[in-house]
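After this come two complexes, each holding chain A, first together with chain B and then together with chain C.
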Partner chain A sequence: MDIRIKEFKKIVTSPIIIGLLVLFIVYNSIFIFQNSYFREELRVLTRLVDRFGYEIDDEMLEKYRLYYEEQLVSLNKITKEKTSKNYNSMAEFFADYKYGLEDIYDREELGLIMELGIMEAYYNTIEEIDEVYSSLDIMERAESEINKFQLIDKAAETVRNQYKAFSERFQQLVNNKEHKNLFFLGKVYRLHSILFKSLFKIIIFEIIILVVLITAYIVNYEFDNKTEAITYTTKRGRDLILDKLYVSIFSSLVVTTIILLVTLALYFIIFDYSGLWKVPISSYFNTDHNFPYLSWWKMSFVQFLFFTIGLVYSITLLFNGIIFIIARAIKNTYFAFFVFAIIFGLFLILPRLAPNSSNTIFIGAFTPYFLILNPHVWFMEGGAFATFKYHEIVTLVIWALMIWVLSILSIKRFKRQDI
Partner chain B sequence: MRILAHELKKIFNIKTIILLILINIIMYFLFTEYDINSFTINRPSYDIYKMFVEMEEAYGEFMDEEEFQDFIIKYEEAIKEADAYIQSREDFKRAGVNNYEDFINMDRENEDLNQLYYDVVFDKGIDVFWQLPWRKEYIKYYENREELMLAQAANEKQELRVKEILDKGLETSVFNHAVFFNYNSLMKSVSTSILVSVMFIITPIYLRDNKDKINYLQYTSKIGRRIFKKKLLAGLLATFILVTIQFICFFSIYSTNNTSMFFNKNINSIYNTIISWYDLTFIHYITISVIGTYILALAITLISMLVSSLGQSYIAVIGIQLPIGFFIIITASRYLINYMTSISYPKYFLELAYVVLILISLILMITRWKKEKQADILY
Partner chain C sequence: MLIVTNVSKSYGKLSVLENIDIEFSNGVYGLLAPNGAGKTTLIKMLTTLLFPNEGEILYNGTNIFHMGDGYRDILGYLPQEFGYYKNYSARQFLNYLAALKGLERNLAKVRINELLELVGLANVADKKMKKYSGGMVQRVGIAQAMLNDPKILILDEPTAGLDPKERVRFRNLLAELSRDKIVILSTHIVSDIESIANEIIMIKDKKVLYKDSINSICKTLEGMVYETSIDYAQANRFRNHYFSLSEKQEGDKMKIRFISENKLDDSWESVSPNIEDVFLYVYKDEVIKEG
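After this line comes the complex of A and B, so read on.
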């Protein structure tokens, strides 16, 4: 046991690993702060949800409308006093004032104006939900994806089948009214993209860099320091490689936890999600591009977050295995690092060689390398290549098995290697 | 000399070369290939390119009033061609669309008409329908060129420069943004590949020997600590060779884009998206960007060598190089290689940035050499 602690100490006391960890966390914090200029506006929705709840139904909508009209009356009182005008909606109000609001109204009134503007934006979005969803055609989406990648024959057929299966889920989603829930307006704030697309992708790449460095460092430590001949002759001998593997896995999980914990804690302190944790992730409000995010299962935001974190941990382990095999095979840490990067690149390029008519084109989508590029559509409808229902789980299982077998082979070879 | 040759051999050993080629192939397919292949596919940029090739043949370097009248005539001819095409199709006749005028004013809210529009423009991709909107646009550009150019100036200095261009009449240069934009985005990915490659081959240069403590042996030999300088020279030479080879490869691939007829055209054209502080032609711009990349490669070589001579293990060196490389490459492709000499930067920004970069890396390396000369050997 002692030897594992000693191995772990090598990592903890390595200034480079610690330095990079700190640097990455600083970078993430800067990224979060750069995107936080609208955090005050988010509070408006938090207050609305406190008052009405997030589920949208007729009763709630009626209350919402009454409250909104009440507020509008109080705004009109102010405007009448100051400019002797009346407004029926905020759109009308803002049409009058492109600039110079600050000259006429004081701070408190400006707050009311902002709040009313946002309320109206949510209200308008609620009203358009039914229309949007009745014209939303999943099979049309399938065709546009097929067109986008110019798929034909069997490949196109596979995409259609996926989407056929997905359209059942879509019906269920609409029947469950998962889309009719208040959430931060995606089209304006793009929080889903900020959190799951940008931030998680940054986090994953940082974790991979650290995992690669830690694992390569620890596996090749004896060779780098020319102590391998000594360790081989000890009682523990070549079993040391197993200890090294366990310690590298443990350390990878530790750095993953540190990065995730600090970054996400900061994120949720800056962006207040209180009252909205249980809103289904497929809510129409979450849409930040032209197509809504539609999950394969009924998931709340917090469930989606935890599943994503779980997947990040699993992928960390996969990469740990991959780099273990590479570092074991290539003694030179420097080359091992670049070989890892090259393999990464190859897995992104090689799938392009597959003919666009056969199902081999989908093999490229079932790799962890592909997975980490699209963390925002995990467990969701995700375009031609990522809409398989069990896409993430299948990838994980296949790769875990492959890496497990290869690691065992690699360790066995290591034990019988000539000096 | 022999030591230099041996050092070069150590830098370009067979394993490094294989990995280097693989890295470059991957970077090419991930980043560069798109701009090479799509140049002749993307619309409307390729239509614009073809139109300008035609203009270049007819008008030469600049487009004067007379040639502009000819350009208008060409536009009218193109409309006639479009008219003829529309009239040759039965379905247009049935829809009540008789000429190009009707075609652009078509009510595209109407499903059938929209279908027709899509068929002509996207499914069949008839050239003249892609060209016409741009011809019209460019006629407008030419007519309002003074206003449009002046509108791009945000402060007095920029305004002076724009006026200077207008005085010289450079804005009528037959040069276009399709070619320029394509070259710019290619240059960004190519310089990235070059900088990554340079970092890859240079980083082990001192570390390789320091790690095995061979440097102590080297220091006791006749050449002694001067080997530090030899390695430095070998590194710079290696960078020079590598960058030159990469540029030869790149420009031979780029030549398939066929843009040589625009080489002697001024880039400060009203049809282009850059206003430069200087009267550059396209070939000047290309030269500047190549020199810029050489300087960046030189700076990154020196910095890599500094890290290499300080680092104790490969992991440490990679850990330090990653953020440095990331920072330099991002800054370079955003400010130092992108839209060089544009008036959106202060006038001497580019020159200063490069001088500062060279100075910093040189000073760092010289101090390192001075220290190395006197460093005690502790073992």
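After this line comes the complex of A and C, so read on.
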């Protein structure tokens, strides 16, 4: 225990590691603030959900419509007074005002205008759901993905099969009415992209940088400081490498927790998700671009968030293992970074060299290196290479096993190696 | 009892030691050989850092690599070159190593104070080691080797970087410490071990050449070491005929100590050989520059 605490102290007292951790947290905070200009608008939905709930059905829709019309009447009262005009919808209203709203209406009235405008946008989106989903063709999506990557033969067939399986899930999703739930309007706010595509990807890269630094630093600490002859001939001896492995894992988890906790806490303070945590992640509103995010399983937003966090922790451990093995084999920290970077690059480039007709092209998708590129579609339909139902789990299990075996071999080798 | 049997070691294709057999029992052993002879290589095998390619090393009959931490627990080692943590004080550094050596915390505290006193660093014990001189760092090294009160103390060139005063101090310290231990120290500086080593081990051409008491080793040159005074003008001619051990200016003449099989001149004075003579003679074909 004493030894491990002392190893941990080496990390905690490393200015680079602590400095980077602080820098990353500052960076994430800036990123969140930069994207927060619309945070007030989000409250409109929070209030609507407060009033009607998020589940969309006929009864809810009727209430929603009545409320909307009621509000429109109040607005018309004001407009009549100020401009002697009457509007049937906010679209009509906004068409009249390219500029100059502020000159005519006071703050309170502007608030009502904004609220009504947003209400109408949500209402319109509700109205289009059925039409969109009846024309949404999963197999068409498959073909467009196949074309995008110019897959042929077996490779194309695999993609079709995956999407066929996904079609069933899609039917189930529609039957469950998972898509008919209010959520922040993706096409306007792109919150799924901000959180899961941008922020989580940033977080993951930050974590990997720190994990690589910590692990290489601690594993090679003695060699870098030329104390290996002293330390590895003590009673603890080469078993010290085990302490180092445990401490590096512990430190990686600590660092991951700190970054996630601080960043996500700030994110959810800035963007208020209250009332929406349990909305299915496959809600039609959660469509940032042309195609909705469709999960393989029925999951609420908060479940998706926790699965994503869980996967981040798992990936942290995988990278911890990978860099442990590399740093152990290469006794120089900087050279170890270099090798890690090269391996990283190779894993991103090599799969592209596989023939586009064979299934080998998919091997490259089952790596942690590939996983971290697309955190926004984990557990979801994710294009040609990531629409395997158990994509994440299979990748995790295979790599965890490989890394586990290699780590054991690496430790065994170290115990029999000349130092 | 530490026994090296039939041990060979090579680095890749470079063979450094071949079929080494040595027995160590309690006492001080001086490993005396020129640079590159394989002293450090032998020592690293004795300290489990290197694995022999052939042969084995036994402590009380058990292979030291099988003994594992049981062996390392009774081992104290000062490497020839070692680093330290710049921002640690001597006390912190020793504390860290005490933990690795499995010393109980309170015991370690007492022991560290004793040792700091012993190596004369008590007054600077809490200063960062990056402010230490080379000799001070070396003394920290000696202290850490003795932390666990080892039964086998192995010191690789322990006096390197120590000034003459410190060398004397160290020698006395060692004589005191070595009572019920195996102490092995390597050096290529003869005077370091002349007075304290019970036995000298010389390695030549990858093999053990001598392992004997100083007296016995010196006897091998008995009747072959002479001193005489010659003119400077003759010096070169003389050196071509006889192996010169040392030369000294004496007035306008040169006093030369040299090796000869027979006494060929009455002016030659037969002197008793010392270990340095043996060292110089044994390694005469190797380029040595003594420090």
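Brief remarks follow.
To be clear about the criterion, the second predicted complex is superposed on the first by the 419 of 419 C-alpha atoms of A that agree within 3 Å, B and C clash if a C-alpha of one lies under 4 Å from a C-alpha of the other, contacts with A are read in each partner's own complex, and residues count from 1 in each chain.
The working rule: contacts are C-beta pairs under 8 Å (C-beta built on N, C-alpha and C of every residue); 3 or more make two chains touch, one makes a residue touch a chain.
Not measured: the values here are computed from a predicted model.
Legend: residue contacts after superposition of the two complexes on their common chain; A:Leu151 is shown touching neither chain B nor chain C. Looking at the shared chain after the overlay, A:Phe338 reaches chain B, while chain C stays out of its contact range. With both structures placed on the common chain, the touch criterion links A:Gly19 to chain B but leaves chain C unconnected.
Judged by the touch definition given at the top, the superposed model places A:Asp2 against chain C, while chain B stays out of reach.
Of the two partner chains, chain B is the only one touched by A:Leu213; chain C is not.
Applying the stated contact rule after C-alpha superposition, one finds that A:Val255 touches neither chain B nor chain C.
In the superposition on chain A, A:Ala229 makes contact with chain C only, not with chain B. Those residues of chain B lying in contact with chain A across their complex are 15, 19, 22-23, 26-27, 29-30, 200, 203-204, 211, 313-320, 322-323. Chain C contributes residues 44, 47-51, 68-69, 72-73, 75, 77, 79, 81-85, 87, 96-97, 99-102, 105, 141, 144, 148 to its touches with chain A in the complex.
In the complex of the two chains, the chain A residues touching chain B come out as 14-17, 19-20, 23, 209, 213, 216-217, 224, 332-335, 337-339, 341-342, 345-346, 348-349, 352. If you check the complex, the residues on chain A that touch chain C are 2-3, 6, 13, 225-227, 229-237, 239-240, 416-419.
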